[in-house]
Amino acid sequence: MAFLKGKYGVLLAIAIIVLILPVAFPSNYYFRIATLVWISALAVIGLNLLMGYAGQVSLGHAGFFGMGAYAVAVGPTHLGIPPVASALLGAASAGLLAFVVGRPILKLRGHYLAVATLGMGILVAMVLNNEAQWTGGPDGMPVSRLVLFGFKVKGPVMWYWITAGFLFVGAWLALNLVDSPLGRALRALHDSETAARVGGIDVARHKLIVFVISAVYAAVAGSLLAFFDGLVTPNTAGFLHSIQLVTMVVLGGMGSILGSLVGAAVLVTLPQALTVFHDYEHLMLGLMMMLFMIFLRRGIVPTLRDRIAGRVQ
Amino acid sequence: MNAVLEVKDIGIDFGGVRAVDEVSFEIRPGQIFSIIGPNGAGKTTMFNLISGVYTPSRGAVKLAGEDVTGLPPHRLARLGLSRTFQNLQVYFRMTAVENVMVGRHIHEHVGITAQLFNLPSVRAQNRASRQKAMELLDFVGLADKADEPAGSLPYGALKRLEIARSLALGPKLLLLDEPAAGCNAVETEEIDGLIQEIAKSGVTVALVEHDMRLVMKISDRILVLDYGRKLIEGTATEVRNDPEVIAAYLGAHGQTEAARADH
Amino acid sequence: MADFLQFAFSGLTVGAIYALVALGFTIIYNASDVVNFAQGEFVMIGGMVTVFAYAAGLPLPVAALLAVIVAVFVGLALEWLAIEPARDAPPVTLIIITIGASIFLRGLAQVVFDKQFHSLPAFSGDEPIRIGGAALLPQSFWVLGSAIVIFLALYAFFNHTLTGKAVLATAANRFAARLVGINTTFVMALSFAVSAAIGAIAGVLVTPITLTSYDVGTLLALKGFASAMLGGMGNPIGAVIGGLLVGLLEAFGAGYINSEYKDAIAFLVILGVLFVMPQGLFGRSHTERV
Amino acid sequence: MLTIENLTSGYGRIEAVKGVDIHVEKGEIVTLVGANGAGKTTLLRAISGVQPITGGRILFEGEDISRLKPHQRVARAIAQVPEGRQVFGPLTIEDNLRLGAYRRNGKNSARYLERIYSIFPVLKARRNSIAGGLSGGQQQMLAIGRALMSGPKLLLLDEPSMGLAPILVDQILEAVKVMRAEGATVFLVEQNAFAALSIADRGYVIETGKIAFSGNARDLLEDERVKSAYLGL
Amino acid sequence: ADTIKIGSVLSITGPASFLGDPEDKTLKMYVEKINAEGGVNGKQLELVVYDDAGDANNAKTFATRLVEEDKVVAIVGGSTTGTTMAMIPVFEDAELPFISLAGAVVIIDPVKKWVFKTPHTDKMACQKIFEDMKAKGISKIGMISGTGGFGKSMQAQCKGVAPDYGIEVLADETYGPKDSDMTPQLTNIKGTAGLQAVLNPGFGQGPAIVTRNYKQLGIELPLYQSHGVASKSFIDLAADAAEGVRLPAAALLVADKLDDADPQKAVVTGYKAMYEEKSGQAVSTFGGHAFDGLFILTDAMKRAGSEEPAAVRDEIEKTTGFMGTAGVVNMSATDHLGLDLTAFRMLEIKGGDWMLAK
């Protein structure tokens, strides 16, 4: 397991998982679930850069996710912008929003930051819900199928590979970042903003950079989901989705890129597995979440990794 | 020659407390300049004012002749100011060597895109930072702990880690806030050696410390603060024989300690 | 003028509900730095248990008391079974545990009770009181009054009792709290019990106005949390003022500006306030010496 | 009064305390000397019950307290001034002190408060300000005051002089002697080994988690090993 | 196979649970009943139900699961328009008949080969209400709509058809689906000069609170609710304030008050009795939609003599004269709903019960 510590170990692990899984997949349904995992994981990796590394919470990340999703719905339908360009625009506008609100918001700490980001997310969701002539309102709107080079991108298998590719690249970029001067600066300001400042780090700027990066991750994931699902609804931008993303980060492990994948996988697949409990489904989901966190309190990947390495705390 | 640091009539209040009150002094290049004084006299606050952690409500700070009053700390760092903290500000979740690598921040000139794609320039940079950090860890005697999480190091080691990190910045002026706290006499002597070596390498050092043996032994000049004001400034001998300083600060214990500095 | 009064009444009614929920947050937060996302579920338990006990024939006050007892029991169970075993975990982990607990409790409620909406008779009738051309329901006074009473009790507890200080000390520095002999396990249990009780009382009081169902908790928790942060987390007075303010903002926003975006208006004001006062209206600014 | 038998404790795989035997008689001042990372803090924490032990026993007044919760140990009148001060930052100074008397439910707080205020007048002047704003040394005074508020039978001091002005070091050591005179037993960890051994009855020297040697304080002051390794003479 | 697998994805929990919950209960109890009576075409029915909690993405995943894993032959489900729209492409690709239980007209307009639905559309509800208003000489109204999918869609539909009936919407307010006080919006409506009636499209607890606030403010104008409140719990929740409220709904709500000669009477009383006995809860028209969907499907299977999807689909499209809880269903290649306005009855609440409005 030691190899999982290194950057290339993590990438290798992801690659192996992505390549091996389809062998065991009996149907498209499994491809769909896996695709949803990859998409969530991509957003979660971005959020993890913000939360796990820089130590800044965001309870509004679904807002950025929603912007990415709606961009590929609204762009081609209402504005005549090609889908891929719309996705890029979505990512850019999420990044821009993060950039604009980031400065004032990121001055806040802890729970105050949480409530401010929460508010920001809710504002986005509210616009998507209310401006029905653009967004289709609460029932959402359809997204036309992605056509690349005259070729229709369709079906879970194809999306499995596309989203896996994005996940892999996303993880690679994130791992690079963590291991770079910027990443070290982020981890440093997480532990002591004062020391970071005195050490020459422009804390406000660094927080802003990672906030923008994480927003872009979320928006790209949102666009992928919208393409894949063929529709968008305001739920993707909603508060509950934000909470879900945060839960994935913590469940998998703050500050662990592999953890982001694991957290997403657990939270996407668990409800599918729990359908056997019928009426007790939600009860079981809550229970499982609690059990995971009680027994793997620093998140699945970091805790297990340390257990295996024989370290405590 | 120009003063490395010039503090003029500086002051700040917290609620009703005048933590620092109209204090002025200068530090000349290459000096070891100590600030001593009773608890709560304003020593740490003085460091906070100089390093931009607090903004002074009165007065001015000049660094190498340039007015830097009110500049944020990260700008001051680029002007060659570095410091350690009385209340440890270690990056506990990072390893010892990473802590010191963060200290190299201002010397790491690679763009975000390069970092995202881990271009060769970034890899070279990482290697360089790591090498420099290792040298510094070795300098403070922590080379064998390089890859341990900082959170698991004992108190004394953390103090030295902070020194290594602050040196990584390549400062012209280094502020050390109680570097020997929590160290026994022998360990303090090691710190003493470190500081002298740092000074010898051309870094100007400002020191806050309650270990009189250390202070009296290595200081070129000493500033005594009391209730935020300047009590006296002078050489070790002047200071330790000043009756006011003895009454307010040294006491019997301080006098014996100071006397031991002569050995 | 009558319109203005009516908006104000609406705001105070809704605001008092938020204030009650926000007050519930304060205690657990003060003991542990944890935002208990299951706080809304305590409100739900308060309402639902009362509804079902009342329907089963218990007199309303007895049903309400039973609801509070059930909620306290649930609060204690949550603390003992889920928080205590993970007490050394980082706060985010504990927060996720409370999110899990909230999903669990909602799931439990949907099997134990049902998925319908329920109401309770208002304590002092439904006849609106008319003031200056505006109408206010008597139940609103119950909610408002209770928020004030609970606020006073909490204020006294945190400011004038050693146990109250012990709660604050536990959150400030758990390690030191144990060293001075505070039984932090007890403090945590106490804080969950009291929070649950406050939540349940809120649930009983607001059900005649807002109705209740197995999933009312989420939104109340969200608004209560926002209110608490606006007021300054951990401060009872902040909780009350924050709650009333959010309620009033929503009402005036809906009345004068745009009902579709009334929540947005409230959040915009919260954001605005936080930009100017990063610790909320009554929060203590945090000092960390370096 | 305090007997520690073959105590081991650590952090995961790292053993910081490796089979330590110590005994402290009633009314004694016993000091523990050791280098950075020798395990002093770990040992003190284990006595207070805030650090899990992996082996051995701790007896207090004949009772095995190894399995007791920290608050139960405080209830038996064991108080500690922890390393790094650990004051309650957001609370006022007076609240910090009152919480020191938590074990006694705050009884006679006024009398104890006056006593502490007379030792540390700054604390009185700042009684209603937030502890987090105090200077390092002031916080150290507060931590000492807080421990004294409980009226301890056994006082565990982890580097009480750290960050204190020299004149206060005298005072603290003086106060320790007064405490002893009033019936308290003191177990003192101090980097300022010279000062500590000067007021102590006996001393232990700990090296990488093990007691290297022990003895009469006066003898230790003369011991060459102690002189060269800890006193820097 | 010796069983016929029918799939369903419903919003059993979440904001639309009071749709999904009775639908779920209804499907389960009738599948059991059908099986006890010998099944369909000699085969037992097997029902697979998933809860999408009101989320479209979940719905799509479960739809895929029904197709790929459970290999169902037909689907009755989709509690909300959003979830239904998410599932349609999946079932269209798989070529399986899908009978939706959601309201909006977009589901079947334009007609999609494999998609049907049982509830009246929100547009029809608007038309029915406006017919009633027109008859009473009302031409200026205020609207207060929920911002959930149901309210929002109906708000748009009503504003679209209002001119057809010469009706002007002078005040247009909204409230969030979980709001607990609507007096500010109603105060504005109250203050709008010239209104003759107020219409409240929405479902869940919102309309109950609107109704209570309406009374609290002492507004005297007639209040129209939508078919979204067509369950007894609305009357319980709104209590006295519900008195006099008018709404369009299926005959199910007034089952026992129907004329004995009414051809719908047998069906609706039967369903009502069965539902209320088995679930212990008051009947709603929402569960009725599931009932209709299930029987339209099984009837089609019987007529086709097989459960082969294509054959069943063709037969569903040929459904004529089917008597359901919502009314008589006559489907065709151009109409995958098959209900007309006569299926709606105008009801009024009197003495704490539904009455057929005069």
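Labels for the chains are A, B, C, D and E, by order of writing; each one numbers its residues from 1.
Here is the rule we go by: a residue touches a chain if its C-beta (ideal position, glycine included) is under 8 Å from a C-beta of that chain, and two chains touch if they have at least 3 such contacts.
Please read all numbers here as calculations on a predicted model, not as lab measurements.
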Shared interface partners, meaning chains that touch chain A and chain D: B, C
Common touching chains of chain E and chain A: C
Longest centre-to-centre distance from chain D, chain (CA-based): E
Chain separated most widely from chain C, comparing mean CA positions: B
Between chain B and chain E, centroid-to-centroid distance (C-alpha), Å: 73
Chain centre separation in whole Å, for chain E relative to chain C (CA means): 35
Mean-CA-position distance for chain C and chain B (Å): 47
Residue list for chain A, restricted to those that touch at least two other chains: 130, 192, 194-195, 281-282
Chain B residues counted as touching two or more neighbouring chains: 44, 53, 85-87, 89
Touching two or more other chains - residues of chain C: 110, 260, 263, 286, 288-290
Parts of chain E lying in touch with chain C, wherever the complex brings them together: 12-15, 17-18, 21, 147, 173-176, 178, 180-181, 183-185, 187-188, 191, 204-205, 208-209, 212, 215-218, 233, 236-237, 239-240, 281
In the complex with chain E, residue positions of chain C that touch it: 3, 6-7, 9-10, 13-14, 17, 110, 114-119, 126, 128, 135, 137, 206, 209-211, 213, 215-216, 219, 251-252, 254-255, 259-260, 262-263
Interface residues, chain C side, partner chain A - complex: 35, 82, 85-86, 88-90, 92-93, 95-97, 99-108, 110-111, 218, 222, 225-226, 229-230, 233, 260-261, 263-264, 267-268, 270-271, 274-275, 278-280, 283, 286, 288, 290
Touching residues (chain side chain D, partner chain C) in the complex: 48-50, 69-71, 73-75, 79-80, 82, 86-91, 95, 98-100, 102-103, 105-106, 130, 132-136, 139, 146, 150
Complex contact set, residues of chain B against chain D: 14-15, 17, 37-41, 43-45, 86-88, 152-157, 178, 181-189, 210, 212, 248-255, 257
